[in-house]
Amino acid sequence: MSTATMTATDRLIAFVESALFRNFILGLIVINAITLGLETFPVRQAWFLSILPIVDRVVVSVFVFELILKFIAYRMRFFKSGWNWFDLIVVGVSIMPDAGGFAVLRSLRILRVFRLFSVMPEMRKVIEALLRAIPGMGAIIAVLALMFYVSSVMAVKLFGGTNPELFGNLGESALSLFQVMTLEGWATEVQNPVRENHGWAWIFFLVFIVLTSFAVLNLFIAIIVDSLQAKHFDDEDARDEEAQEERAELMHEIRALRAEVSALHSELQRSSSGSSSDNMASKAADSSE
Amino acid sequence: MSTATMTATDRLIAFVESALFRNFILGLIVINAITLGLETFPVRQAWFLSILPIVDRVVVSVFVFELILKFIAYRMRFFKSGWNWFDLIVVGVSIMPDAGGFAVLRSLRILRVFRLFSVMPEMRKVIEALLRAIPGMGAIIAVLALMFYVSSVMAVKLFGGTNPELFGNLGESALSLFQVMTLEGWATEVQNPVRENHGWAWIFFLVFIVLTSFAVLNLFIAIIVDSLQAKHFDDEDARDEEAQEERAELMHEIRALRAEVSALHSELQRSSSGSSSDNMASKAADSSE
Amino acid sequence: MSTATMTATDRLIAFVESALFRNFILGLIVINAITLGLETFPVRQAWFLSILPIVDRVVVSVFVFELILKFIAYRMRFFKSGWNWFDLIVVGVSIMPDAGGFAVLRSLRILRVFRLFSVMPEMRKVIEALLRAIPGMGAIIAVLALMFYVSSVMAVKLFGGTNPELFGNLGESALSLFQVMTLEGWATEVQNPVRENHGWAWIFFLVFIVLTSFAVLNLFIAIIVDSLQAKHFDDEDARDEEAQEERAELMHEIRALRAEVSALHSELQRSSSGSSSDNMASKAADSSE
Amino acid sequence: MSTATMTATDRLIAFVESALFRNFILGLIVINAITLGLETFPVRQAWFLSILPIVDRVVVSVFVFELILKFIAYRMRFFKSGWNWFDLIVVGVSIMPDAGGFAVLRSLRILRVFRLFSVMPEMRKVIEALLRAIPGMGAIIAVLALMFYVSSVMAVKLFGGTNPELFGNLGESALSLFQVMTLEGWATEVQNPVRENHGWAWIFFLVFIVLTSFAVLNLFIAIIVDSLQAKHFDDEDARDEEAQEERAELMHEIRALRAEVSALHSELQRSSSGSSSDNMASKAADSSE
């Protein structure tokens, strides 16, 4: 590869990372967010209706062009950044509806607005902080998921026959139990219809609520403790470092003192015995420091 | 400006800041709070009904007079205090209804009672502490707002046609999603009507609840961590200072010791070689301290 | 007062504070708790029904007797303990129904069981810990109360005419807003009926929910921070003391060293100049330590 | 007992604790979890239906065999581990339905899947952490339980006559109050029907909600504070140890210095007085270190 192409790549990286380019993309996202929002209003004029798809197409084209530019600039390193994957998926999802045309897919175009997360450094930081909290929650989420699976299967077998609208199959059952976990209508909408057939059903719901609440609570505590630890450490480290420096200075001072006393000692020996050399004393001082 | 007018301004400031004046205003607010509360009771006697508007007018007049006094006292500095702005808006809103006479505007008169926040120093402190928590929440609130906007637009496009009473337009959709976020009737009142038309709608609500709950949780944690940090620092600082003072004392002691040893050293050299001066040794001690 | 009566009082105090007496009272409370619980079961035999009031009367008599004993033992100090006041009120409330006979007052007899809080030291500690949390919450509760009062008055004036079942008077309005604050049916049961008449009513409820949630959250945080502070301090103090002792030991060691060097110094001067006394050197060492 | 049998027991322990054996059991649990889940789907083919009970029987047999192996390996130590008790109960519950055949008991077979908790070390750790939080909550749970008992008895006596569907007996009353505590439909489903007969009933529910919320909140705070303390201590200990080591090093250095000065001192005395021994000086240095 010649020096000329290297420079071109560098110049491209500088361009896609420049504030101007980022702000241009940011502006496009905001404009698209507004036009997509306006689409939801029922009364619109003809000229406006004809402009909306054009804006949409321009925005998507620029996004695709941006991704291609970035890929040329970074080559394979492009795929190392999670945010590039995020952009790729969001833009990819945006192109699909243009091909198909289903209402559901078309509605996914609004997800493009989430590109604000990847474009604005402040939001990027928040999202990254939120994501960092997830690994610490892993084990408790696994326990919670197992609780859910077991409870769902049990609920289908116990109440599926008498209350099919709530616990007819595994999916329906899991959804009803999720509703119970959020405490939304758990008594009036879920427990009461079941209790009409199974008087003892309250035991199941009580145990489920107490256990899942306890697990969710511990999930929250895990995040709180992690956040506090992380912040606490940074501060403590700064303080500790200061104290450590002061202790190191003390140690230095004491060792210098010891060297001086040693020098004094040997000088005294020299003065009393007559013929020891000054060099030896200073060597001892150096070695002990 | 002569000394005489200066004294007048100073005296005015002393007056509006005096405990007597503040307690008088405080008393008026409490009286007005009671009369405004009494207005809500249906059965009242004629003499009482005729007194209420008079009390109201007197209170507003005193409030306006107080603000004018404060403005004369502080001049342009008046607008530097957020609490003066608060008073100005609250009193301003109180005068409007007297001009217009709409029921909605008349009901805003009760907002005057919030002047207790600005008049009582204890409440002022609480409100200021609450407001201090807001900047730390900024970024997460922005993320939450974006989530809401995207979800609202999506919900209108997906469910607006089939469930116009819940997701008919952007505002209605945002309100319904706020209800879902508070978990109030999310399953029975919002999800179930939608699921009648879109069987897969539970995915949308599940993802929305999990993501917003996680964001709100992190909002709370941010405030908790900030509060703990603020308090923790104050305490740690006091402790650290103490430890630091003790270390400084240690260092001082060691340096004094070193100086003494140096003096001893030079004295020894003098005694052995005969003619070095005492002044040099004491100089070395001073310089090393 | 003679020594004989003093001894009698002391003996009485020893008796009412003895484990035996406390356990006897504890046993009575538990028995009464069971009999009062049994009263709620519909089918009971005749002999059982005739025993219940007797147990009740015996328990109350013993409680009254216990309070009289305690009053004789402690005299005016009796009223200094909050727990004695608690017992006095609970037992007082228990006697009332025997006089009157109203169903509501009779049901208050079960409150006697709360005497477990005052009799069991473990529970006493928990309740005292809960009560200690209250002063720290005072200012925020005041702010919350003011918010409630203002919102209630406003809601009566705004919605009282159109929705009297929810906001007909100040009490009803405060209760409806408490329901909104707990998020129970705020949208479907409170907001929706109001919105039928006032389309903009969602602004009122949204602002109310956000503000009260934020205030309640800060109430919780205040308790958490207080609890953490209290625990944290105890631990830190122990650690700090240890570190401080070690630093004090260091300081002692260094001062002893300095004294020794001083002694050396003066000895050196004596040996070189011939006639200085050993006493002076040792005095200097003592004074510097 | 001969050496041969000892070796056999050891070999058996090594086998039941081997990764291979654990993974085999883990695999069986997962397969059983899937087959038990598949049982809930309505449409299944004949060959599949005939396989399910076979899988079930094989899994239970292996579990029973595993427990017997473990009992032979550990003897009485088997009952010292809580996890062995857990496995014993879960497997025991699984065998029952095969004997009886009731639908409710059959549904308990899915509880076997919870054996994942005992087999996977990661999950074991989470569960053990959750269990560790319980003792710290004991006293508050006792207070909460007493509150519930007293409130339930009171509610039966107050509202049992007029609202038997909610407060007809002690159990029903406790369940309704649990619903009120979770804030689910407390106003519309519980309070409103009661208020039709007892206008003042809101006082009861308001007090109950405030007190139980406060108690539950303190329960949560107790867990949070405990978790933070536990983590905080570990970190602090590491830091403290480091600081302590540094201080110990300082102390060592100073004592060595003091010994040297002492040696110097005695040497000086020897040189001035002529005849003191070197041994004494070095002894003083040793003793002071």
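In order of appearance the chains are A, B, C and D, and numbering begins at 1 in each one.
Here, a contact is a pair of C-beta atoms (placed from the backbone, for glycine too) under 8 Å apart; a residue touches a chain by one contact, two chains touch by 3 or more.
As the structure is a computational prediction, the values presented were derived from the model and not from experiment.
Student: Enter the angle, 0 to 180° in steps of 5, of the rotation superposing CA atoms of subunit A on those of subunit D.
Tutor: So the copies are related by a turn of 90 degrees.
Student: Is the contact between subunit C and subunit D built from the same residue numbers on each copy (over half shared) or from different ones (under half shared)?
Tutor: Different residues, largely: of all residue numbers at this interface, under half are found in both copies.
Student: Averaging each chain's C-alpha atoms to get its centre, pick out the one most distant from subunit D.
Tutor: It is B.
Student: From the mean C-alpha coordinate of subunit C to that of subunit D, what's the distance rounded to whole Å?
Tutor: The computed centroid separation for subunit C versus subunit D comes out at 28 Å.
Student: Express in whole angstrom the distance between the two chain centres, defined as the mean CA positions of subunit B and subunit D.
Tutor: From the centre of subunit B to the centre of subunit D is 40 Å.
Student: Among the residues of subunit D, which are close enough to touch at least two other chains?
Tutor: 183-185, 224, 228, 232, 243, 247, 250, 254, 257, 261, 264, 268, 271
Student: For a test of understanding, state which residues of subunit B touch subunit A in their complex under the given definition.
Tutor: So the residues of subunit B in touch with subunit A come to 139-140, 142-143, 146, 149-150, 153-154, 156-158, 160, 169-170, 173, 183-188, 202, 206, 209, 214-215, 217-218, 221-222, 224-225, 228-229, 232-233, 236, 240, 243-244, 247, 250-251, 254-255, 257-258, 261-262, 264-265, 268-269, 271-272.
Student: For subunit C, which residues count as touching subunit D in their complex?
Tutor: Per the stated touch rule, the residues are 33, 36-37, 39-42, 103-104, 106-108, 110-111, 113-114, 116-117, 122-123, 125-127, 129-130, 133, 175, 178-179, 182-185, 189, 220, 223-224, 227-228, 231-232, 235, 239, 243, 246-247, 249-250, 253-254, 256-257, 260-261, 263-264, 267-268, 271.
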